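Can you read through this structure? Questions will come right after.
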């Protein structure tokens, strides 16, 4: 594997989930695979869970890691040609990225959406620059539009909690309010991965039973995600209808994706409607659903204390599975070197 | 060992000191004990000596380490329930800490006293949150009220320099002036460890000789340390009387502990009396005492150049022993996993 | 090797280059040499290439690494005796440096020139403090006046690109304009290493052929480098004459070294003359020369896009060789422990 950005980069999801099971049973099984291999983790934005879980994954595989915290403000790369670089950009990407690639074997990139220029963000400019110029395999540690390590961990978590069932699960991605404007990376990837798992008819309910996922997205009007990620999904604007019969509720805030209503709304907060906060009443509409969230989560805004602390909340094992998804992805990259 | 905060967590000090001797003779003796074990070091405050020595200790044991520098201002955890988190706290401790615990095997915590709310500081709130919610063994890398890795190194250093003597040593903890308000963590722990070593009648002077420590604390009035740490100690307000016959002088500044004179003085500077600065005349009152300090030390305030540079100053070997105390503590934690 | 600051610290350059060839062929050849050895990297200034390449070099040798980012503003060491330290300097170098030395086996130092006090900078005060008080081998990761890991990589790069030739190369160090005042460390070391390679008559053109280097420095008047580094070099103020027949063009900006025209010009920008920018016309004066620069480089100021992107530009392999020079230097230090 030379790049990990979208679900298709992983190919057969059944095989990928089976590798996740193997790693979780013995996370040090491949602890010599990464000998004398170095992971460079480049953070253009802060990170807690992704940094810890990815660093741990590299250690599981016996890799060395180098962490590079790039202050987004202080280190600006020139990307154009023909420019007289007499301003605040001290380096051109055509030099900076190949050099970084020289000193490592694999590169992880964290680079959030700026939420002002939709075209720039959705072009995944920074990620593709590293992909094109580093000369090394790269993977996304949350980029402008996707967070595939999270989505892989989410799918694996659903598979773990559903494996004793006989029918396919109903999984609902619900928007919820938040005080700040957030990127669409997590909901984009979650939708992409759920839909692909359905397309591949992954047997989450155990072999011989119903396959795939019944996937529904619910949000206020104007929050439509890009069809790049949601084509084929059921969109239900009535949150209560969406929740009915749900087996998994995946809550997340996101800012306006700028799909309907014009690009000028991109990155804006269109609603802080607290009736969307997932509380006990919301959960009572479901089929005793498990509650999921990628964390960090703002209680009282996204979800109430009682729901996130209930036995049906699986946010902690979901986060812990980030180590597993990262280990599988790094293992595949190492095997492809 | 599941937690390391107070001297009692180490149990038998004679055994602990004997382990320190063993590690110092060969600090890589247990260099496979930590294979595939990860230490997460969480710094809510800056650190030089503690970070370097603890990281080195982990490496001595073959552990992986992940350092997390938490900007105290930027990452505030909500600790209450029932709160609508629409302000500057983006995460609740009930999610943040278990997730950190998911990605490591041992957690070290540095979290200084705020010096404004005595009850909050002395409750050791942050440390106990990690202890309770991380699911992993935790240890203090200087917390609000204690610095046990320092005190263990101090006790070990005294034992090294006194082992050829036949009588028990007189050890004096003396306050000294400083331009800034400092926590009580170091003097609290030093007192606690000296008193426990005396209670356990540790044979610092070598087997078959006098055991334990003659321990005296001296400071201006108002600087009384909490009895939690000093119960049983001799308090002597006359610095000269305290120094007479001393074998070890341990200098340190601390701000008002808020024990006498009311909690409203907690964390305040009550005195900058330069007559308490340890100079050659002060040392002439002692029994050719060794000079100790945890470092960093402000010369001219705490101690004069000639005293800290004299052959009787043991501040550098004392600091070097931080690696030894940290290695013993991590070794015990690993053995208990 | 106990210290690595100047070219003479490496001794026989032919032997050093031969070790570089060996390491480049198998950079993990000595991957157990650094077992249970710890490299402490102390950064008083930011670093990208040096940090990554040196950390990678340490990993190649199986060493542990600890990175210490010292905020130059926040951590000021007192260096004088007899001072009452009641200001912003919280620690004396006589304590701080020996303690750092206690927790590691080798220390790398990055400490740039302040460009205000020439005598202080050229005395290499910080480096020599570590050399004198740490008790451990130290090496320069770019100090006030030199950058020997860069110069070693530069010499090795020239040797790689010239080994099939039969005559000695003409190497030209050329000043070029830059918007900010930069130190002289890179040109100082480059000149020092080129001149020493010539003095030792290193056979860059392959054994049995012409040996050494024809080395020329060109810059506007007032930019004369210190004779400490350039004694014996040809200085040519006419850039075109300097470039004629050149086989390697090494471009770099530097601020006034304060050699001619008085110390009061030290660190100042005397010229931003854009006619010195290396463009295609400049390169047409040469013998189809290779273009070199230590990076980061400002395009349009130092060099034009077409020159740095041409097949004759070797800036990326030059940067990649930083890993090789650092590995050789660390290997020698480890072998001398």
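Chains here go by letter, A, B and C, matching the order in which they are written, and residues are numbered from 1 within each.
Methods note: a residue touches a chain if its C-beta (ideal position, glycine included) is under 8 Å from a C-beta of that chain, and two chains touch if they have at least 3 such contacts.
What you see is a predicted model; the values in this text were computed from it and never measured.
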Path length in steps (a step moves to a chain that is touched) from chain A to chain C: 1
Residue-number overlap at the chain B/chain C interface, same or different (half cut): different
Geometric centre distance via CA averages, chain C-chain B, whole Å: 42
Overlap residues in chain B, where contacts from two or more other chains coincide: none
Of all residues in chain C, those that touch chain B in their complex: 36, 38, 40, 64, 66, 68, 78, 81-87, 90-92, 94-96, 98-100, 102-104
List of chain B residues in touch with chain C within their complex: 28, 31, 48-49, 51-53, 55-56, 59-60, 179, 295-301, 305, 308-309, 315-316, 319-320, 322-323
